[in-house]
Structure formats: structure tokens, C-alpha cells
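Lettered A, B, C and D in written order, each chain numbered from 1.
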């Protein structure tokens, strides 16, 4: 599955170089994941309400071009891997000329009570199956 | 009591006008409150650990001069009012020329379990007394 | 004129009390102003491109109820005053039950080259007229 | 060269999981770079004043343990590579038990006028030499 969302940079997200500050992209990734869950039909809020959390384990970011306040961007979110303990998402950000601006990857681990890693397949098979079905490793190749 | 702390603006806190973005000052106020608690001898962490919270009720900000990355600022935090249900803090920010850059006020309500307002004097008299003794309404007059 | 926008809180905007951190509301105000300009037909980007800036002078915030990740909000932005040197906006945030969650006011001064205050009526009468016509002092009364 | 700084998490940096939000670490990296420049004897402000900028090109983050408000951390910043077009920094964050909490790497490209990449060795040999001398590839091995 591929989830698509518009990104409208906030003025507050700019810095004195006149571009969107690099620390903002991970926040956009998170918005992409939340939208991804919504698109699958299970809100992230409802996942948390079941006592399930997701902890960031690893994150990589490639900055191809700067992005700007006053421009409109499109972010594609893919779930590229899903195991019983963790998931990897991929994010691609395009400007309005369909040029690739940014690529991100994040790996998150499933957490249960007390911030302990948990086997989601065993403990919440319904959540696991939903994500596992949404894996889209093939398409995530910078062509959308 | 007057609590003093240095403020070193972060590059990330700038915006494309080349100044510190106005939404950052409330974060500095909060750092001032946390330092104020430390200076009183009771960390904000330990207050929260007793099941006590503080909810923002009202906030006012006066922007006298812009502030900049690469400059050093001093923030003075005063507790100007303290009742059994809420407290008001005042913040003054000065640049290295001792010019007043910014004034803020925040009023916060004491919360207990389930985000309910609570009478702190009744429920946590030790916390109440500590803050009540630290009130400094007279001095908070833009002269430090 | 009244400008309306949806506010979707970001997970990153929460704090460890489980609510949207109070420093986020001023960022939402700014999004409201940007939307207000768009709705008037002159983007804030194009205003800045003419060498015109807006500096925050005063800001007040009233927190009626907490707001939460996973909930949807509606923000109404009104321009309540507009003079040749400054403007005042009012923001009202409602939850999905149409309960008033938050009220903000910001006063911003028109800036020209070198961060100097400027008389916008004299220097950019077209911008001035556009905003002056959009003033809506009467309606801004907590009923939308 | 190794630059050392204390990191005091802000309450605002927490999220509703009760930990520091993952998007904050890149901001701490930036503070580490700014401190690194100060420790070398050339402030980042003075570098920018010479018309030189640094654009983020690549960033990786490994989250070993969560970090918390009310705890104190130490961040070590190393410059691991420096060429005429870009630099790579490494960041290690330790808690007060000297446990490794987080590792980051960032690669930044030298920019000149109009956001164009520049050959810093040719255009600003003094800046280049200062950084080149500060490279510390050997030590950056998770032992400080």
C-alpha cells in the first residue's frame, strides 16, 4: 500500500537560511505514518488505545533539494518491511514539479506495557495482519 | 524569589526573517519555570511524580526587540501570584547589553488525577508552602 | 472576513501530560494567518516577496480545554483591527463537539527593509486596503 | 577533536509516550555542531557572516534507549570526515550512568552564495584548515 498526503510547510518550520529546517522532515514522516494507519482503516490513536506503542529504532534521511515555505509538497509513505518485532517505512517527498526532494526511512519496534518490546504477531495478530498485508517493498523505488 | 538562567538560542529556533521565531518564547518560559523549581529545591520532575500537574490557563507575551541566533540572553523568572488553585509567573528576557527584549506572563492551574483542578493547599501543603514563600510580586517591575 | 481551517494535531505536538503542548497554539495561529491571507487572495509568500514583513508585538492566549492527538479541531481566524502600522488577529479553536477550546490574539507590526516599522498605508496601499476591508471586529465574539 | 556538551531535555520535547520525541535528536546534533565550532575558536555565526552555509545532505540516527525529561545527558560531537565539499559529524549521547543512548551521523555540504555548493578549500582556506585539523576519525568508536 502507498499512502499519499500533501505537505504544506509552516512558516515556523523555516530557518534563517530561508529553507525548511532539516529537523522538520522526521515530523513529516510521522504524519505520513499516521496517515498510513488511517488509510489502512486503523487509526494510530486506536492502536495506542490497545496498549501498543511504536519506538523509533533507526532513521535515515537523504536531503536532495531544499524545501520552502509557500510551496506545496506531496509525501508518499510505504511500509517496506514488517516483522513480528518491527516495521520499516519509506517516505518520498516531491515538489510540485514532481522532483524528488527528500527520502527517509524509519524502523520502529513494537512496544507493549512498560516500554518493553513485544511480539505483535503473537499479542495482537489483527494489528500484525493489517500491517503485514500493507507491505509494499517492490514499488518503493523512487517512481510513484 | 527570582530565578536566573542563560538562554542560548538554537539555530533551529530561527525563522526565515532571520530572528528567533515568536513561538519559541513560551518554551523558554517553561525552561524558566523548571529552573525556578530547581532553585526552590523541588524539581518539577519530583512534583509530577507526586501526581501533581500544571495546566496552562493564560499566557501573555510582549515582544520588545527581536532576538538572534549567536547572541546570549538572560531570563529572569518571578512567581508573582500563588493561590490554592493557580500560580502566575513573570519572565523577563534581557540581551547582553541589558536591554529588555521580551516580557511574558503565564498562569497555570494545579491539576490532580484525571486532569481535574485541585486545591494544592489542601492536598499537598508542602508544595503549596514552598511556592507561596517564593512569591515575589514587588520586585517584578522590569528592574532586575 | 472569517477564515476557517481544520487543525489536525501532530503526535510530535503532544507532551508527557498526554495533551498538545501549550507552545503549539501560537504555531496554529500563524497557520491561521497564512490561510487568512490565502483566503483574501494574497499569499503571505507574495507579501514577503514585496519586502514587507510582520513582527509579533503582543500575543495573548486563553486555554479553555486541553486538545489531543487523534482529535480534529476547527480554527476560525478574524482580523479585528488594522491600522497603518499594525494589525490584530483573533483565533478561536473548537473541538468536534463545537466546544470552544482556545482563544488567541496576536498584534503584528508592519516591517520594511532592515526590520524597521513602516507605514503600510503609505508604502503599500494595495496591501493595506486588502486587509482593511477584511476587518471583522463585530463578529469575533465567540459565536461563529 | 571531541566536543562535549550537557543536554538538558525540555518538557516541551517530551511526547505522550513520556519520552523525548525522536525528532528532537537532530536539533541536539545541531547544538553539538555549534558547540564544536565554538570549541575550535570560530563561531558558526561568524562562519555564516562570511557568506558560508552548510546544507544537510544525509542524516542517520540510531535510538538505543529512550531519554527523559528530568534526566541529564552528555553529548560528544566528533568531526569524522572533512573534504573540500562536505563534512561528516558523529554524535554520541550518554545518560548519567554512562550508558550509550543514541548515535547520530550527519553529512553537510558547504554552500556559498545562492545556495550553490562550493569548494571551501579554495574559497575559504582558513575555514577549511580549521575543520580539517579537527578531524578525529579514530576515536569515534563509542568509547569516549
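The working rule: a residue touches a chain if its C-beta (ideal position, glycine included) is under 8 Å from a C-beta of that chain, and two chains touch if they have at least 3 such contacts.
Here the structure is a predicted model, which means the values were calculated and not measured.
Trainee: Average the CA atoms of each chain to get its centre, and name the chain whose centre is farthest from that of subunit A.
Mentor: Most distant chain from subunit A: B.
Trainee: Have a look at A-B versus A-D and report the one with more C-beta pairs in contact.
Mentor: A-D
Trainee: Take the average of all CA coordinates in subunit A, do the same for subunit D, and state the distance between these two points in whole angstrom.
Mentor: Computed from C-alpha means, the inter-chain centre distance equals 24 Å.
Trainee: Distance-wise, how many Å sit between the C-alpha centres of subunit B and subunit D, to the nearest whole number?
Mentor: Here subunit B and subunit D have centroids separated by 29 Å.
Trainee: Provide the C-alpha centroid distance between subunit A and subunit B, rounded to the nearest whole angstrom.
Mentor: 35
Trainee: Give the residues of subunit C that touch two or more other chains, as numbers and ranges in rising order.
Mentor: 11-12, 17, 19, 23, 27, 30, 69
Trainee: Which residues of subunit A touch subunit D in the complex?
Mentor: Listed in rising order, the residues are 17, 19, 22-24, 26-27, 30, 53, 55-63, 66, 115.
Trainee: With touch defined as at the start, can you tell me which subunit D residues reach subunit B in the complex?
Mentor: Spelled out, the residues of subunit D in touch with subunit B are 10-12, 27, 30-31, 34, 43-45, 69-70.
Trainee: Provide the residue numbers of subunit D that touch subunit C in the complex, in ascending order.
Mentor: Of all residues in subunit D, those touching subunit C are 11-12, 14-19, 21, 23, 69.
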